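Have a look at these structures, which come just after this line.
Each of the next two complexes has chain A plus one other chain: chain B in the first, chain C in the second.
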Partner chain A sequence: MQDKAINSNPSFISKFIHSKGFMAFTAALMSIFLGFVFAFIIMTIADSANAVNGLKMLLVGGFKRLADVIYYATPILMTGLAVGFAFKMGLFNIGASGQYTMGMFFALYVGFMWDLPDGVHWIACVIAGMIGGMLWGLIPGFFKAFLNVHEVITSIMFNYIGMYLVDMLIQGNATMYVSSKTRTAYLPASAQLPSLGIDNSNANISIILAIIAAIILYIILNKTTFGYELRATGFNKHAATYAGMNSRRNIVLTMAIAGAMAGLGGAFAILAPSTIAGSSMTYEPINVIAANGFNGIAVALLGSNNPLGIIFAALFISHIQRGGTLASLYGYKPEIIDIVIAVIIYFSAFAMFMNSAVVAFLKKLFRRNKPEADTTENVSPPDSAQDKTENSMLKEEG
Partner chain B sequence: MNDYIIEMLNITKEFPGIIANDNITLRLKRGEIHALLGENGAGKSTLMSILFGLYQPDKGEIRKNGKVVKINNPNDANALGIGMVHQHFKLVEIFTVLENIILGVEPQTLGFLQKQKARERVIQLSKQYGLDVNPDAVIEKISVGMQQRVEILKMLYRDNEILIFDEPTAVLTPQEIDELMEIMRRFAREGKSILFITHKLNEIMAVADRCTVLRKGKCVGTVNIKDTTKEELSRMMVGRDVNFKVHKNEKKPGQVVLSVKNLTVPSKTSKKNAVNNVSLEVRAGEIVGLAGIDGNGQTEFVAALTGLERHTSGTITLCGKDISKATVRERSKAGMSHIPEDRHKYGLVLDYTLEDNIVLQRYWQPEFQKMGFIKRKAIRKYAERIIQQYDVRSGQGPITIARSMSGGNQQKAIIGREIDKEHELLVAVQPTRGLDVGAIEYIHKQLVERRNAGKGVLLVSLELDEVMNVSDRILVMYEGEIVGELDPKTTTVEELGLYMSGAKRNLKEDSHAG
Partner chain C sequence: MDTVYYLVQNTLPVTIPLLLVALGGMFSERSGVINIALEGTMLFGAFLGCLFVYFIQGSSMNHQYILLLGMVVAALAGMVFSLLLSWAAVTMKADQTITGTALNMLVPGIILLYSKMTFNSDGITTSVDFYVRKVPVLGDIPVIGQLFFQNTYITVYIGFLFLIIATVIFYKTRFGLRLRACGEHPHAADSVGINVYKMRYAGVTISGFLGGIGGFFYAVGVMNSNINGHTGVAGFGFLALAVMIFGQWKPIQILFAALFFAFLRTLAYSVALIPFLAALNINQTYYKMLPYLATMIVLAFTSKKSRAPKAEGIPYDKSQR
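Let's turn to the complex of A and B:
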């Protein structure tokens, strides 16, 4: 995609329309639009009188709470990266929750137990969180690479192991845990992330760090030999083996990086500054798996596993979640709002399907307008049809 | 009464970006063997898929006995008496012959299978057409030739009168091919009409009555075989004269490049070894052909040789260096180039661009990366050179997605990549599979070129002509063992066939010696 400029061609628009990025983008937009249509139907069924206002709130409500949108987008941006990055290699990292929780714990531990100067303390906490998540990603990666245990199974188990372990460790630590309130104590101010300085908001520096992380992942994927190997393995692991790529090392490394992303997400969430002086975010060890880990799957899906796409996907999902909260002012029960949000996210899963539908539609449209443009640009030799024939015949065989 | 049993009139089928069939007319007479000839991508498969109901034509109509019919799916085709033997058989491996034949049209009363009646019918059919099979044999235990007979019986059992054979000889030994030809002639005598898809000219000359030639989605013409020659057919198919003979000078083989000793590779599907105690040598400046029917251990042998799979015992030495335990990358560095059997599964990352595929074996070299960052410009420049030197044609040059390229050009890219990389041994497995005559000619030239440059070439192929024409020395593999060493100048295709089917061997002591 980045090479588009080199092939300068008179019909730039056609090129643009046919580019993969544009396709993915329009597909996502179409999915979201359909999601809203269904969301509206559900809201009408639940309470027809307020449906228009409710949907309006859902759509634009987030703009009234931009700082919140940013704040809540950060952790799911990170878990989205954790899922999407691993997925580029064909690994389904369903263990983002466990890695996220581990990241939280490591960050909390350094926050409470280490006494470091201002300006260094929170950085140490963030790094600790990254290491915690990395560790929790590394183990399923190791199992996959050396024992051929499927990463979905191990990472699901590690969600539970991580969560119970963290709950246990926190409850057993008198410095961190306030048993009367069944939550952790307030973190020292030095461990909290610098705020962005928006009034009444938790928005903090972590969104910038998260975007930087996404850009770094994008560079790793597209500009380095490791990314080349990783994507090759994701596309065709046989060819990767044939080319002599070290798949074991790559699996472990990919899962470690993915885990590190989720771990950072956990650290960013728990280290966020409080709006009330003297308090902080707290962790409640109540044996619940972190939902942000699973939200990461939806974010990655909506962002087509592209790190840059994931930035926007996270912001978007955070946006409708904020809008949903506001929509409940019209009397919608939180459950209905959850369903509506789920519907919209669920429709993003159709992005893949929509992608091909949109491609077909646009091509048709384009051919009708400019018949010659298409023929000159899609010079594909006769054999490609043969391949397609074979492919679809294979599908017939099922 | 209409002479034609099936007429496909002015069929046009378009896929995004390509017209696979452009106004093609094919008329099949009752009781004739009609060959459909064309290079890969000429549109043969698409046309047959339309007749078999897998695709709908954009334009044109299909007539049976002069009446327009609509074929929406294979069931419609079957109801019209159209049957097809696919190139890759569609049989349930763990079922018996009889069970496979009746699959989908099981005779039953109140939901209970009535196998006896079916058995009688199958036995009667196999007698009538000379298709000798045991109805109670399990498919996975019988030979490929037998399996093909089961496929044929399936069509007969369904009373099909139009029989489509899609490249039926690709998997057979020369003897089996002769038998198949005989069976096809008998069908024609019995009044069945046969459509025979192939790109092998000898078979068409031997068995067909008429031949329709397709080129690039267009119909070049229909000719009577009586009035034509092999040369004319190939000219029609390719659009130019084709040289069938591979030219090569005498050359004395040099030092041993590859030495394999007592290599044994376990089988994944059975307890027997897929490769059993195989020893062979490849010298500099010679092409060793490894012949054999598909599934006799060649794939496993190559996998062990190139490091894709582990072997249980034996040693592999490349240029004096023991590489028995080496990784794929180490073998590649030691001087092994590998043109893989399945270019889509192994040879290419289809979703990568052409240039990324061209550096698939070399992206890690300092020429193409610095501190782990890819040197895009260097890759582009290198890819452009390979594309030019090996005449790889594609829509957008280096940035074409490999998937959108034709099979021949994909293969050229792989060959360019493997030949341009430093190597002493070139392992070429089925390098011309599925390619058209023009591309085959080119690839054979490249292999001989390697030999003349003093490299060792191990050519593993199922195509007898290829092995006979290109090799300096032929080794035959049968059931995981090397059963014969032949000189292509003194041997015949028939003799080679006897070795391939296990009927003959001349290296008995050798294969048990180690």
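Let's turn to the complex of A and C:
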């Protein structure tokens, strides 16, 4: 009896360890851990006296600015969805930056140029942003589906084209651009998103919209035929085509939805209400690619491309970004967080592999102890023992 | 005629970084590893190269020697940096595109952090002028001298030298043949005793070497020996990838592709100096978009019959059948 209990215990643990969600979670944790180890090393090299305090700030500093964490999480949640959703189909949407910039421009355009009543205006702006991102996402989709151009190259090129185009269009528009301040003018209040009403913060309704978007994507992915086809194509493109799925249509549609998400992110970022009355968020057309698009990649990978995981990943990245800003109290620069994020992405690219390597190692350790267990089990008939080894082999493959 | 001289003189220093980096990409991809990290490799090479120049600029050394030493530093930097990619992509069998993207994001962060904490600026500004007004003797040849040996940088000649060396290594040595085999059919290569992992490490390291040098030459020839963490190398690493695809992963075709893109870029930045284009009065931003748009148009027409290495992007797994 006792033997049985001992034997069933490890199998339960290994089952749990082998469950996909748990693997993804530990993989994410491992890459985050390594990211911070790296950050600590850099901080020690830069200024060893304050390294511990600086690291503490990175880790917990965000808790002092919870409203800001929510505010900054929204755009990267959306770009994270844009990257993660495309990933599910096996497409690497590195063009979230361009789609984000386009969405922002469309939102700005409607915000400045259309005169709409309160309560409708900001909704129109948000929808415009979605359409802008969608258009910019469609292009890599078309190139991939019909011309066989790799989506990474297309989306990188369209990041640059979009950035130059938006900067030019903004600079050429006297209503939108204040050339003396090299930035856009203040948006009318009717175009700004309703605030959540937290004092001295920009936190606004968009976080709720973003979470709803994530849930909708989750439902699309897991409960619809399109989502099924999309995931099937991601697992095995050839099998999906063989099964009669229209991969071209699916590619274009996936990229359009991904683009729409990133576009919404851009709209949410620029339409956020300002804490100072009569002002608003502004955009500086200085020919720089939007960083939020690339942070979306980190968010998507940390959330293992699951829309619900991405919500938490976005909050986490935003949290450490706030911490990075606060680390400047100890003389560190906020760029430290860019490095942490890059390291996290780097390790999460093979964290699953590392994870299974660790599991295999633990198994080996466990197996070394196993002969003793086998001797005590000698009484049981040989058949069941064989079953057990077969079982464990199956598990290894899974 | 002056306009022609001007355009050629300015196109060549822009061609070389594209050429070298695209050649680097070629070595990496023909060995089977997609090297998206070329942008980061360039920037890292440029950063350390410029940093070296910054520290040595006070000495009375001949400027061209400083450039050569900086090139060595940049090459080493690129090689070390590329190990991060090959370790993840070859040994750890990670997704090559994601790893490359991570490395691309890492470098601007490092540069900004270092420069802000050390110089309180966004990058490194050096005061050494590597410009060559006129190459002795050769610069006096009519027409050719004016086209190729005046108002230039020695990076141009080094770049062409590397092109020749790379072509020879790629096509005329045993190593080159083996490298290409690993990108087409690694299992076949393995079956005849070629170590696929080693070959891929070699391919990525060569791309790091060329990428680092290309980055430094970008800083020298395009940015007046300065480097900035925000603008970086302005997507030249990505453009180089497009150049490589346009050149169908072959050295000589890559040269022509690089010339084409560099010419477009030079045109974009010198509209005001060319009377014909200036008279058209088109917003300069359109010209700035031109290299990227041209990339897309070119790729749209060439990708259908693309001759990409068959095994690129797929981590090699010995046990796979």
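Assume the second predicted complex is superposed on the first by the 318 of 398 C-alpha atoms of A that agree within 3 Å, B and C clash if a C-alpha of one lies under 4 Å from a C-alpha of the other, contacts with A are read in each partner's own complex, and residues count from 1 in each chain.
The rule is simple: contacts are C-beta pairs under 8 Å (C-beta built on N, C-alpha and C of every residue); 3 or more make two chains touch, one makes a residue touch a chain.
In this text the structure is predicted, and so the values were computed from the model without any measurement.
Touch criterion met: A:Thr224 reaches chain B, while chain C stays clear of it.
By the document's definition of touching, neither partner reaches A:Asn53: not chain B, not chain C. Residue contacts after overlaying the shared chain place A:His238 against chain B, while chain C stays out of touching range.
Shared-chain residue A:Thr182: touches no atom of chain B or chain C. Legend: residue contacts after superposition of the two complexes on their common chain; A:Thr275 is shown touching neither chain B nor chain C. Against chain A, in their complex, chain C makes its touches with residues 36, 84, 88, 92-95, 97-99, 101-103, 105-106, 108-110, 112-113, 116-117, 229-231, 235, 238, 241-242, 245, 283, 285-286, 288-289, 292-293, 295-296, 299-300, 303-304, 306.
Residues 3, 6-7, 223-226, 228, 231-232, 235-236, 238-246, 360, 363, 374, 377-390, 392-393, 396-397 of chain A are the ones that touch chain B when the two sit in their complex.
Every residue of chain B that touches chain A in the complex is listed here, in rising order: 15-18, 20, 40-43, 45-46, 49, 54-55, 74, 90, 216-217, 306-308, 327-332, 338, 340, 345-352, 356, 360-361, 363-364, 369, 372-374, 376, 393-396, 399, 403-409. For chain A in complex with chain C, the touching residues are 42, 46-47, 92, 94, 143, 147-150, 152-154, 156-158, 160-161, 164-165, 167-168, 172, 287-288, 294, 297, 301, 331-333, 335-336, 338-339, 341-343, 345-346, 348-350, 353-354.
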